[in-house]
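Each of the next two complexes has chain A plus one other chain: chain B in the first, chain C in the second.
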Partner chain A sequence: MSLIEIKKVKKRYKVRKFGKTYSFMAVNDVSFSVEEGKCVGLVGESGCGKSTLGRLIVGLENPTEGEILFKDESVSTGSDKKVPKRLKFARDIQMVFQDSYDAVNPKFTAKKIIEEPLKNFTDMTAEEREKEVVDLLHKVGLDEKDKDKFALEFSGGQLQRVCIARALASGPKVFILDEPLSSLDVSVQAQILNLLSDIKKDMDISYLLISHDLEAVYYLADALVVMYGGQIMEKIDDISYFDKMKHPYTQRLLSSIPAYEKLDGVQENAEMVSMDLHVQADDFSGCPYVGRCPKRIDLCKEKRPEMKELEPKHYAACHIL
Partner chain B sequence: MAKYVIKRLLILIPILFLVSIIAFGLVRLMPGNAEVAYLQAAGIPPTEELIETVRKDMGYDRPLLVQYFDWLGKAVRLDFGISYASKKVVSEELFGALQYTAKLAGFSSLIVLAVSIPMGIVSAVKSNKAPDNVNRVVAFVGASMPSFWLGPLLVQLFSLTLGWLPVQGAMSFRHLILPSITMSVLYIATYSRLLRNSLLENISKRFVTYSRARGVSENKIITNHVLRTSMIPVVTTFGINFGHMIAGSTIVEVLFSWPGLGRLIISSIAARDFPMIQGYIVLMAVIFILVNLATDLITVVLDPRMREAL
Partner chain C sequence: MGSKIVLKKFFTKKSTIVFLCIIAAIVIAGILAPWIAPHDPVEQKLENKFLMPSWEYPMGTDNFGRCIFSRILYATRKTLGFSFLCTVIAAAIGITLGLIAGFKGGIIDTIIMRTCDVLYAFPSLVLVMAIVGIFGTGIFNVIIAMLIMQWLWYARVVRNLTASEKCKSYISAAKVCGTKNTKIIFSHIFPNIIPYMIAIFTVDFGHTILSISGYSFLGLGVQPPESEWGAMISDGRSFINTDSWLMFWPGIMILITVVIVNIIGDHMRDALDSQSV
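Right after this comes the complex of A and B.
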């Protein structure tokens, strides 16, 4: 059963530049779902719309078009203007953020940080909460005596653990992990990744892992969505198809960054990158990746490729596939 | 915490010592001399002989240092002498007047807090929308109205036209209302804007947005995460201003015939009532220091991180 279903979601932003207003699609016609107990990796470079999608799911903003369903109920009010129904779903959908130091009140101790959702969503007494906080600290690999430390006394990795404990506290069904590793150094990344993997196994929580790091995603994810320019480029419903992914953009992500210029023979230059906003403009009808794609054909500029099934559980949007 | 308070109280001693030198010295530097002032206050025309007699009586013929330590020795026992003008004990007069001024300043502070905090919060939550703009205009007008103008306006409306409140005096609680309002308007204007800006700065922090994403309601975000921190600049300024309220209540007190410190000291200065002026300076120094200490302690309560700095 799918826990979160994203149906043809579009999000339009207006940008003012030199006095003129441009509107562009940060998320354009994106559909996928997060199955119960599974982890979906959402991969793409910065600006591709993956964080916007995260904000839409937790209800910080409403989609311009389309619907996001949690257990078959819409999380958004459908209009940009109204306040989303975020409070109703917050207990079930919790988020872990990129920079843990930014994500906590610096005046709070670990106990107060983790206690907040307990106060917010449950009727526990002070003693029960205290006990639960200690439990949660153990669960994320911290010590009981850490509970009285202030946020800024923790290291980045420890504080990210505190944040995970806080997200666990409300007993959620889904974690939205927005780049949970990218502010940490590599050795700590591995620890947090292991922790997330353990939690997923033990507590039956589904993940949406938003990241630009394919390797990390591969380790944790059961399904993978690759986004570029607000649109889905390639999607696999089973991580075992990982090696078969063949969209030109995915290919490029897969090849490590220092090597890829040689690999596909295309030099990045300012002209190409500056197309990004243009390809997300409302009136652009081609493939968003056309400016940087080494395998582009004339059709790519004119027509947006439809998502097609290459084989069961493997979809891509590309004219040449 | 207790250690810190004791430390701060001990610092009082050298500060007060300095204040005493200033209080004693300044009065000596004031134009006119004490003997003449004393005689004039008693309504006796000063002659050479009388001045000489008074000088001997009051010990002003002794060396300055001796006079100072003599005065200091009494001052530590709160004995500032007898007022030239009223012939009453200075400390009793001062404490009597202080009670009235404290009442005035205290009630004004209550009004200030009760009005400016909600005003600030509304302004921040609805920033740059209608409520904020209304508050901005109100604050601007309030900050620009001097109390010697606002006071008579209020009297005109509430006492003379409507007849709700007494014009002046200090007999009952009803007498307290108009002077307190007159005094608080300026501070309401300042604090509501101060709190608004401080709130807005904190609301834009990332963790606040993230709290929304985690399902914390807007009200809880304001009360639990934003308000506490945002109160710190307000409390700090309030601490400084509370001293000013007590020391600067003169205009309001004269306007409403409120028998407080401000009125007392103005008449004392006019009469060159040296013992009274000296006592007043020392009293003010103590009040300022104690209020500042209280402010610092409240700040620590608001921001627990500062506990380590103690």
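Right after this comes the complex of A and C.
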């Protein structure tokens, strides 16, 4: 059963430049689902709309078009103006943010940070909350005496653990992990990754892991979605298809992992064109990757490729596949 | 941690403690004026006019034979009291509007900030003159006029601080944790901007003392026979060549108070800066 279903979600932002207003699709017609107890990896480079998608799912922002369903109930109202029905789903859908130092109030102690969702969602007394905070600290591998430390007294990895404890506090069903590792150094990344993997096993929480680190995603994810320019390029529902992914953009992402370069023989071509904003403009009808794609054909500029099923559980949007 | 470190840093400077003591002494002297003052500040004894400082009259007497020391003590209550009142109210209005403007954004932000711009472009002396001209002279009319001009300093700073705090992801995190907007403003954003507010408040307090004294010097504020530092300077200016201490004592009080308040404000800011590193 799918826990979260994202149906043809679009998010349009207005960018004002020299007095002219441009429409800009941060997320363009994205559909996929997160199955119960599974982890979906969402990869793509900076600015491809993956964080926006995360914010849409937790209800910090509303999609311009389309629907996001949690257990077959709409999370968003589908209109930009209306306030998201955030509180109703906040207990079930929690988020872990990218930079842990930025994601906690520097004036708060660990106890106060973790207590916040408990205060908002439960009727616990002060003693019950205190006990729960200690429990949560143990769960994320921190000590009881850490509860009175202020946010800035923790190291980056420890603070990310506090953030995970805060997200766990409300007893959620889904975690949106918005690049939880990118602000940490490599050895700490591995620890947090193991912690996340343990939590997933023990507490039966589904993950949406937003990242640009393919190796981390491969370690944790059961399914993978590759985004570029606000659109899904390739999607596999089973991580064992990882080696068979063949969209030109995915190939390029894979070639950025040093170990993969030699295996696949994919060479990074010399031209480095930065992602153009115009491919995300409202009226652009081609494939967003057309500017950088080494295998582009004329059709790519004119028509947006549809999502095709290449084999069971493996989908890609490309004209040449 | 935050504010504790700032306070610790603030109090480690020895000079800060000395200055705080001086300010405290002035404030306490003002509060205890009825008990400390050796004479009635408005009682005129014309036979005693222009006396030099003595044990009986520590700062001498003025042209009506009134004890200058007693008048200075009573004036402290007026000058510091009204300045403090004015600054507190201005800060309260400015901080509230700034928080609303910064957090809500959009049209509310535009309205509040453009109002600030309009008032900012308006010379404050002209506004005070206009209000006093319409409602008559008196310290309360002057305070009202000053409030209109003063809240916008706080509103601008608070608005910008709020807007920049709002973008940090701990606000998003609080929203995801189900915290309501009003609570986010008061328990997340407000505590984070309070240190900046204290620094601005202290410096602004110094400015307000100068302004209140200035308007009283011009005869707009406190009316005779009540004493006020600025008004006392004004009273003494006819005798500048013969008996200049009439101006000297209130002048030196304004100088000491404002300089010390400004230095404390500077130290406060230094302590804050060290925290952000």
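The rule is simple: the second predicted complex is superposed on the first by the 302 of 321 C-alpha atoms of A that agree within 3 Å, B and C clash if a C-alpha of one lies under 4 Å from a C-alpha of the other, contacts with A are read in each partner's own complex, and residues count from 1 in each chain.
One rule holds for everything that comes next: contacts are C-beta pairs under 8 Å (C-beta built on N, C-alpha and C of every residue); 3 or more make two chains touch, one makes a residue touch a chain.
Only a predicted model underlies this, so the values are computations on that prediction, with no experimental measurement involved.
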item: Clash-or-fit label for the pair chain B, chain C on chain A; value: clash
item: Contacts of A:S23 with chain B and chain C, given as first, second, both or neither; value: neither
item: Partner chain in contact with A:S240 - chain B first, chain C second, else both or neither; value: neither
item: First (chain B), second (chain C), both or neither touched by A:F150; value: both
item: Partner chain in contact with A:N194 - chain B first, chain C second, else both or neither; value: neither
item: Partner chain(s) touched by A:V58 [first = chain B, second = chain C, both, neither]; value: both
item: First (chain B), second (chain C), both or neither touched by A:S285; value: neither
item: Shared contact residues on chain A - chain B and chain C; value: 55, 58, 60, 86-87, 90-91, 94-95, 97, 99, 102-107, 116-117, 120-121, 150, 152, 166, 170
item: Complex contact set, residues of chain A against chain C; value: 55, 58, 60, 86-87, 90-91, 94-95, 97-99, 102-107, 116-117, 120-121, 150, 152-153, 163, 166, 169-170
item: Contacting residues of chain A [partner chain B, same complex]; value: 55, 58-60, 86-87, 89-91, 94-95, 97, 99, 102-107, 109, 116-117, 120-121, 150, 152, 166-167, 170
item: Residues on chain C engaged by chain A in the complex (per definition of touch); value: 1-3, 168-170, 172-179, 188, 191-192
item: Chain B residues within the chain A interface of the complex; value: 205-207, 209-217, 220, 224-225, 228-229, 303-305
